[in-house]
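Quick heads-up: structures coming right below.
Here come two complexes built around subunit A, the first alongside subunit B, the second alongside subunit C.
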Partner chain A sequence: MSDTTTLIRENAFVKLLNILADMVSRPSGLVGLSLVGFHIVLAIVSPAIVPYDYRVMDSLAILSGPSAEHWLGTDNLGRDILTRTMLGGQQALLVTSIGTVIAIAWGGMLGVMLGLIGGWLENLVMRLVDAFLAIPWILFLLLIVSVVGLGNAVLIPTLAFFYGIPVVRMSRAATHDVVALDYITAARARGESRITIVIKELLPNVLDVLLVEAAMRWSWMLLAFSSLSFLGFGVTPPTADWGLMIAGARSFMSFAPWAVLAPVVALSSLIIGINLSADALAKALGIDRAQKAPL
Partner chain B sequence: MIKLKTFIVTAVLAVLPISLAQAAGGTFLTAHDLGFGGSENADPIHPNRFWQVTEKTMNRLVRPSAAGEPTPDLAVSWSANDAATEWTFKLRAGVKFHDGTDFDAADVVDLLNRIKDPELDSPVASVLAVMEKVEAIDPLTVKISLSAAHADFPMLIMDYRIRMTPSGSGDTIGKTGIGTGPFILETLDPEGTTVLKANPDYWEGAPAVETIKIIAIPDAQARVQALLSGQIDMLRHISAQEKVLFENNPKFKIQQVNTGDWLAAIVFRTDIEPFTDVRVRKAVRIAADREAMINLVLGPGGGVVTCDHPVWTGDQYRAQIECPQQIDEAKRLLAEAGYPDGIEIDVVTSDLRALWVDMVQVYQQQVAAAGIKINLVKAPADGYWSDVWMKKPVVTTSWGQRPADQVFNEAYRSTASWNESYWKNPEFDRKLDQARQELDRAKRTALYQDLQKMLFEEGGTFTPFHVNQVVVTSARVTGLPVMFDDGVQYHNVSVGE
Partner chain C sequence: MIKLFLQRIVLGLLTLVFVSGIVFVAVEALPGDACTAYLGRMAKGTRLENCRRDFGIERPALTRYAEWTLGTLQGDFGMSLSRDKPISDIIGTRLRNTLILGLSATLIGVPLAIFLGIIAGLWRDRPLDLWISTIAIFAMTIPEFVSSTLLILVFSVWLGWLPGIVTTPPNAPLTEFLSDIILPIIALALVMTAHILRMVRTSVIDVMGSDYVQMARLKGVPYWRMVFRHVLPNALLPTINLVALTIAWLLGGVVVIEVVFNYPGLGRLTIDAISDRDLALVQAIALVLAAVYIGLNLFADLLTLIVNPRLRTMRH
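Up next, the complex of A and B:
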């Protein structure tokens, strides 16, 4: 038994390596993974390497341009923009990566279950999903945040809930492609329980779709998180955060463009990186049959 | 060669008188925001008064000095009876309106009575609600009877809208704009360009400029652009960010004018623990470095330090109080109050006012040294005044300039509906009543100053500064006094090349 498990693990590991190698062999995958990797490493090590305390203000260096002391200039409270940009992705990455895992987990699981069970329950839940998809999510998010309050404890489940809804639809559709196949019928004939069928037969076969979906959802969730911060509903000042930095610096854009440029470049590069990686992943998994890619 | 020299000399001599004439006259260009959409008129007490015109064509009885004190305009002196219920104003002799008629007591009586005309619905009526009766004692003396004592009645009559017009001109003044002021209305075109010409017979001397043009520019950004491109000569209320556009530019001059606006303050409700303890209230206020806060939030020179009371530097009753940052004293007070390990406070603020979030961040940094941990909690801007302000224990607030007596009654009297810090102090209320009725100026000042000191020692509002207004003029403008809008005398303003 243990030998079989080891073999499966080794196979999975080899498969993962193969996928990564395939992704890296494509220009979009190489660029995308490098960008994402850079941001993740930066988020982890930045507290140890930033040149200044992100909270320290300097009244003598308000909105000063890039210089030897402040490579990317300072903001309207005289805080170092390089420091704040380096730290600015921490909250976004933390909240959205946890949010994405939860969204994919609940959305994916529910979709697969519905695809397998079918019938009136599937119809009922899918109509509810349609109803939620029709609601402008940003308004709903703002409503929840206004009523419940701010903070990661509110943001993570809220984002995970809203971004899990389209995942339900996607994983259900992917399950429908698989559920009619002979090996599922055989598993049913063997008398295996629904849970076993879901875990052993269905999930491994829709996992590829869910992985690509997760990458796409992650980039959208990042944008949503930064939009919330920009609107004043995300993280609270003085936390270093890209959306918050853009919001704070936008009124000085005409004469202090560096204050808004640095977080914009950082946020865009991460989102572009995730999108390129998702694209390469889709191709590596053979999901993107059209083989259309920007790079 | 001789011909060339002769030509140059002749040309210079020919141009010289024109240059001299321009230097003595010239046109001062200014803008207005078309706030009433073109229905602006030259009646000073009308709801849609075009004050940018009336302030230049008309005079008040009393006008503010640079320090905000009542000084003579068309009234040369004033006095009250012992009870401060009857005020007598002596008028300036020999003053003529633009139409050549003499200014006298009948004009004052007519204007003040017209303010109470319900059909006119003048906004000044509520300012002068205390005024009961106006009589002309003789051509140069007016007596005003009040329904209640008011030691500072001249402060009320100093309102920027109460400007003298010829008696019986109520129906036409909106179009003619006739007054006793330094400029005469030539063309009234609120939506286009309104033109004023110098009044050579002005009682304070002829104005330095020949013409003033007031151009309608509704958009704030467009007004800034108009100033940048030389289409106008002066713009007031420039923001700290916009100021950067004019700094270090020899084409412009920048003035910082003190105002009484306290646009960013933190209110600690005195009826909720732990702020029921006066030591905690004082500790959370003296732990801040106000000067550094001004530099960071408003920019250097962007405001004047204020020690937790609402009376601004231009107010005659402002007390001189020192309030440097005192970290050790704040720690001691907190320890004495039972918080030796410091205290944690949620400050609820919002993006409703531009300065708030920045100010709380600076405050958070400054008071941390005293063991005061500030959690910045952001509330939606929508419904801030109804759901957060005067509801949550600690919130940010913002007020516009008001005279001492008015703001004390509006924001600190125990029964005031906007008593935002829930400050209930019978001694404070008693002194406030006493101050209003005290006729001796020195005693009245002492009372109003006591109230300010009381607020600094025991109050619940952290008011770190009053903001300065930025006024930008083109470099050719001289003689514009550094003072708030309401007090500028335009006959002294001149324009060069």
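Up next, the complex of A and C:
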């Protein structure tokens, strides 16, 4: 028994390695994974290596350009931009990665269950999903954040909830493709419980779709998070955050463009990295529909 | 086909009713009400009671929902707490401005996206496609506030060609918006083009690999004749719905773009309403935006029904 378990684990590990190897072999995957890896490492080690304290204001060096002391210049309060840019991804990465995992978990699980159970319950929930999708996401996010308050304890569940809704649709569709196949019928005939069928038969088979979905959702969620920060409904000052930094530096753009460009480059490179990785992952798993066409 | 038409319309209306329910319940379920939100720290004692009586908040939720719905049907959204004006007056011009922004971006973005998407799809994996696809990924993924900021930096700060910030009042005649609106349109069209382009490309590639196109090829149909007769109609049809969904989804991005450019549309009004904690106004905006979204989808559904010959013959 334990032998088969380790075998399965090893298989999963080997499969993961294969997927990674496939991703790295594509130029987009290599660039994407490097960018994402760089940002994750930077977010973890930056508190130890930043040259300044991100809160310290130097009143003698307000909006000074790039120099030997401040490699990327300073902002309107005299804070070091290199330091703040290095730290600016921490909150975004933390909130969106936890949020994505929760979103995929609940959305994926619900979608698979609905796909298996079907019937009026499925119809009802799908109508609900459609209705929720008809409300602009940003409006709901803003409403909740402004009434309940700011902070990660509000942002993570809110983002996880809204970004899980489209996942329900995706995973239900993926389940429908699988649920009519012989091995599910066989499992049903063996008298397996629904929970067992979901965990042992369905989830492993929709996992690929969910993985790609997770990568895509992560980039959308990051976009939403930084947009909220930019609008003043995300991270609170003086925390270093790219969205907040861009919002603050925008007014001084005409004479201090470096203050806006540093966080712009950092944020864009992370989001592009995630998207390139997502594309490469989809191709590695053979989900990209374009891959099927022979031409 | 008439039956399908009616079905779609009824379904759209039902969704709208449902959305109004969700919006109402969401505002109800959140802690506090319009008065505590509006008064903030002063929400105590007689002041709170007076406010609640003035706006009838102490009555049962169901009664208020019925009243709100009835009023909304007659175009009366109630009064805005923070502005002391009927909400319909405030929303009217803002909606006009946002629709103009959205419509112009669509008119530029959609044809461009279809054109580039077809090119990228037909010449798949060639240098031209790689260029188009890579640029599309960039345009699609960079947040709207970043691309807008960069546009302002380049075109108004460095080159000085266009105004970076809109100073025209919301109710000014359209002609005064002409130079203000160009950068917001570009910012919106950029994201839209990128999203739709990728869909069109995938669709074209799918159809190029289908059996009937292979058949046409084997039959010796000239390439361009095959493209125009067989590939394009079949590739573009399924994208109509996706295009509508994308445009509707981008309504969220409009909010950000309007804030960046200080454009007096519905999006900036949303942010203002939320900052002022004017829940009645927020409810009304949510409903209007949802109606636009549902209307777009309905329009796309109907267009698909009209254009698609397979559905057209269903009346026989």
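We take it that the second predicted complex is superposed on the first by the 289 of 295 C-alpha atoms of A that agree within 3 Å, B and C clash if a C-alpha of one lies under 4 Å from a C-alpha of the other, contacts with A are read in each partner's own complex, and residues count from 1 in each chain.
Methods note: contacts are C-beta pairs under 8 Å (C-beta built on N, C-alpha and C of every residue); 3 or more make two chains touch, one makes a residue touch a chain.
Quick caveat: nothing in here was measured; it's all calculated off a predicted structure.
Look at A:Ser46: by the touch rule set out above, it reaches neither subunit B nor subunit C.
Within the superposed three-chain model, A:Gln90 lies out of touch with both subunit B and subunit C [touch as defined at top]. Of the two partner chains placed by the overlay, only subunit C lies in contact with A:Pro257; subunit B stays clear of it. Once chain A of one complex is fitted onto chain A of the other, the partner contacts of A:Thr236 are limited to subunit B, with no touch recorded for subunit C. Applying the stated contact rule after C-alpha superposition, one finds that A:Leu223 touches subunit C and leaves subunit B untouched. By the touch criterion stated above, A:Leu150 is placed in contact with subunit B alone, subunit C being left untouched.
When both complexes are overlaid on chain A, the residue A:Thr100 reaches neither subunit B nor subunit C. Contacts of A:Asn275 after superposition on the shared chain: subunit C is touched, whereas subunit B is not. Annotation for subunit A, partner touching more residues between subunit B and subunit C: C. Once the two complexes are laid over each other on the shared chain, residue contacts for A:Thr74 go to neither subunit B nor subunit C.
Across the superposed pair, subunit B and subunit C both touch subunit A at residues 146, 233. Considering their complex, residues 241, 244-245, 292, 295-297, 299-300, 350-351, 354, 357-358, 360-362, 364-365, 376-378, 380-381 of subunit B touch subunit A.
Contact residues on subunit A toward subunit C in their complex (touch as defined above): 127, 130-132, 134-140, 142-144, 146-148, 219, 223, 226-227, 230-231, 233, 243, 246-247, 250, 253-254, 257, 260-261, 264, 267-268, 271-272, 274-276, 279, 289-290, 292-295.
Residues 15-16, 18-19, 22-23, 26-27, 30-32, 37, 124, 137-138, 140-146, 149-150, 152-153, 157, 201-202, 205-206, 208-209, 248, 251-252, 255-256, 259-260, 270-271, 274-275, 277, 282, 285-286, 289-290, 293-294, 297 of subunit C touch subunit A in their complex. Of all the residues in subunit A, the ones that touch subunit B in their complex are 55-57, 59, 62-63, 76-78, 146, 149-150, 232-233, 236-238, 251-252, 255.
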